[in-house]
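Per-chain numbering from 1; labels A, B, C, D and E assigned in written order.
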């Protein structure tokens, strides 16, 4: 019986939210934003304040409708993904990943989000920025190492997402390009066995934040992800990470409608 | 007279809570979850907010009934243990240890817990995840060292539980497997005298959190536990711990009914 | 239609704020304050409290008028710039940069700001002080290195501003002036390619704060700024930075009227 | 006149509190708890919340009566000392030192304290646990060094108490017992001149907390205590302290009645 | 017109506060407390809570009168200086510096302050203690170095005050007295050019706090103070500072009446 109530609630929430969304907005070229170099990626994690749950459900649904509206309105310019950290992380409840060609567009989205009726209940936890770039060390790799990188990850949904920020030591940047390339090739070889089941994406943060990189992972097999990071801890490049995580953000990939449904209940 | 009031209160609380729990839920295979490799173990510690005690007892009992309901409902899929940190720890009041085959099931339990009427009074303190795995170094141990590990810990209740998260230094992972095995055998020998009175369980956290391991201990003899950790500080593997504790969580093992009774009063 | 409402709102806000500002204040010699040595530069970042948004718009506009009044009143003595961190930073919402010949004048401005009706909603996040000085190492540079520094940055608005505080290691100060000059020349050469698109300004903080320098950047090309910092991480002077960032403050350059308009909505 | 009001208030408070305390509880063997090895010592520091002072005096006195009741009730099993940190420390207002043969008894006291009407106004700051043990290094000392330790501290009240937690480096535990004994003898000799005026007590914390030791001092001559710690900073064992203080808790030794009187006013 | 209102307000506030202060208290021998060795110096910094400004002015003036009363009452035993950090520091609003022959007297003053109606609005930020002592290294200095120390600082008001806490490394204390004296002489020579314009005072904190020293500075020329600290960063003793600042407290020297006037408005 629990499920049938859930199904009904899902219906009610989505209809209510749907009724209030009348305009159709043309989406940004999401595929390009998610694959091109030169794109700014922002990770913004928020908690929900203590007052959120104290409101009645109608109020919460009204505010979630506002959330949906703000997201829809900005899909013209930016690509927005949402993640549920609540229940897996002590850092925050929600994570937004925003891709944009200009960081100003991301600022405008987060401004509108934070200033909205829903945003009144958000407490800012973590905002990190990075930039996508063409692979720096790959051109210097051996052919075998290059071939490894062409393995395609398995299609299908990846319920888990993990974000690990990284700061390199000054020693790392003091090494010449050749030495760094050799170490990154070893790094790349160590991760080869996990390419199929763990999707990765790299953002360059130097100057934009107190980081050098943001590494993003998606997987349906958390144990493989664990083995991947363990393998990376054993390569010669690892000791050059002055900060690895702190925080590690772990959550589940969710559609905006799923998030709305969970928060409405 | 104090005791008789306590006994009566215990009766009232349990009857009230009992009356509201009508459905019997089939429990997950708790034994398998607690002993198999490949199981995810989550440690989630919460504080109680300042408003909790300001409510009258009837309200508190109603909310504790909700807590019981949430736990019962999820026992189908996950194994849940509860610990009382309050009075021994400045980090939190309650600790939940959850074992699950999929971290999503743990997330769903903690989502339902945090979103419940009782959850409105919880403040998230610490959430850590680990994975149980087959012993990694033991196959390389001498027969004597292997024999040590077969000593069975004394039966009977162990009132105290201690959780110590560990992060290894990059140097540790840079050592070859043989050197690490030799050091872990010395580590194992140092702990042999305490196996009978201090139960241990190990979780592998690399990638799932800013940790490499979560070590969990149960004992009725805290002095033996103290001697165990002191012995471990003296072995060659110890300097490879970049983080040991921070926090060390210390509390007492309690049944859910005991927790409910304590919080109801 | 959204834009026309925005335009109308902008009109209403500015008229309301304008009506209340009757006195014309003679501004401090802003150009001198922004270019002379021996000037104190203060970076003061504030958050807006949770009550700010809970007020109705008329109340918010009244308080923003007070903000404008406080800023206008102090423009006699100090040069004030404002930045919007909200939406790009998890550290604060607003950043004020104040230049003054005496730090007392800055204190008086921030006192009046914090004690105003608008200031009641500000939570202090970060206050840092520095002093502008004549270039210390440049006299020892080669002619080529000196010429590099004369490249003029491109005119036009630079929407992004970044503030990075720096603390040198004790080793740095232990080096003799000649060695430091050689390293700063390499530092200067590494940044030459980015002088056109990234404007910089340096403040000396030793003793005034737990820092040695505050570095301030403005750019319309964040990717160039990223490349600049990456280039600086590779020079021999970089390992002598004990603290670099922590926090890195990133925001957008805004006029006070823009800030008022954004906060009024 | 101020004093006579104070005297009258002291009378009123103590009479009110006294009237409500009817049962006489047999105290635990306090002397044994304070001198035997194998005893658990807990240091629990609390702040008072902002609401405490906003209550009228009658309410505060009622709650302080509850505090007295909780302490009295547990004196059967545990030895409780109280210290006033307020006015000397930014960490907390009150410090309880509890000695017990079982940590469960301490937990029960702090549970009852935190759950009481008075406890509703306490905010948990720091809880640390240690264990008293027989002197470990003394048997290896020279006769002269042993003799030094027999100097008896001067009788009489010691108004000041200082608590310094210590964590040894991994290097310390890696030294053999003989080397550690030699260094502890030097440590002991350095402290000899201050034995008369500075009382000390040592608790072993390894495993029970993120510490190795809790050192407790009482003195009426703070300058001697300062000289003692300065002397200890100069011995060869000192660099093996990875953490020394952080926090250092400084306060004054008070009877429960004095604490009640101060908080009632 | 602004000034005439200010003058009138100053009159009103001081008259109101004055009317309520009837008793004249004999002050402690302030000169001796500020110059003798063996005196305890306490630095206590407080913030003002968010409710402070929400009160009407009459209420605020009443509470400031209480502040004045508490300070006057304790001037019998302790010397109290006040500083305004608000507007220059993100750590606190007010700083009290208290000199006393016994730390108990300081505790009594801060107890009365924190427990007063005004104190209800104070949030404790930082409390640090130190002890004045005769110069330790000077007797070993050369005659020239000794002569340097006899330069008298220029008379007249010094509007700025800076407090820098210091912790030495274990290596420092491991050096013999002679080596430390040589380094302190170099330190002293480096500061000689700034003695005239930067007044200094040293407090020894070892054991009383997580510090070894509190250094206190007063100046009307902040640029000289900056040059002084920069000069000290270049001497051989500087790398032995494990902590220097953190926090650096910067504010302006104010009379209690000025503080009251500022907070009343």
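The rule is short, and it goes like this: a contact is a pair of C-beta atoms (placed from the backbone, for glycine too) under 8 Å apart; a residue touches a chain by one contact, two chains touch by 3 or more.
Since the structure is predicted, the reported quantities are computational estimates derived from the model, not experimental observations.
Chains that touch both chain A and chain E are the following: C.
Residues touching across the chain A-chain C interface largely differ between the two copies, under half of the numbers being common to both. Each chain gets one centre point, the mean of its Cα atoms, and the points for chain C and chain D are 48 Å apart.
Averaged C-alpha coordinates put the centre of chain B at 30 Å from the centre of chain D. In chain B, no residue reaches two or more other chains under the touch definition.
Viewed as a network of touching protein chains, the structure reduces to one closed ring of chains, two contacts apiece. Starting at chain A and proceeding toward chain C, the closed ring of contacting chains reads A, C, E, D, B. Against chain D, the residues of chain E that register as touching in their complex are 38, 40, 44, 49, 103-104, 106-111, 114-115, 119-120, 124-127, 129, 131, 168, 170-171, 173-174, 204, 206-210, 212. Put simply, chain C touches chain A in their complex at residues 50, 53-54, 84, 86-90, 159-160, 162, 164, 222-223, 225-226, 228-230, 233-234, 236, 238-239, 241, 244-248, 250, 252, 262, 265.
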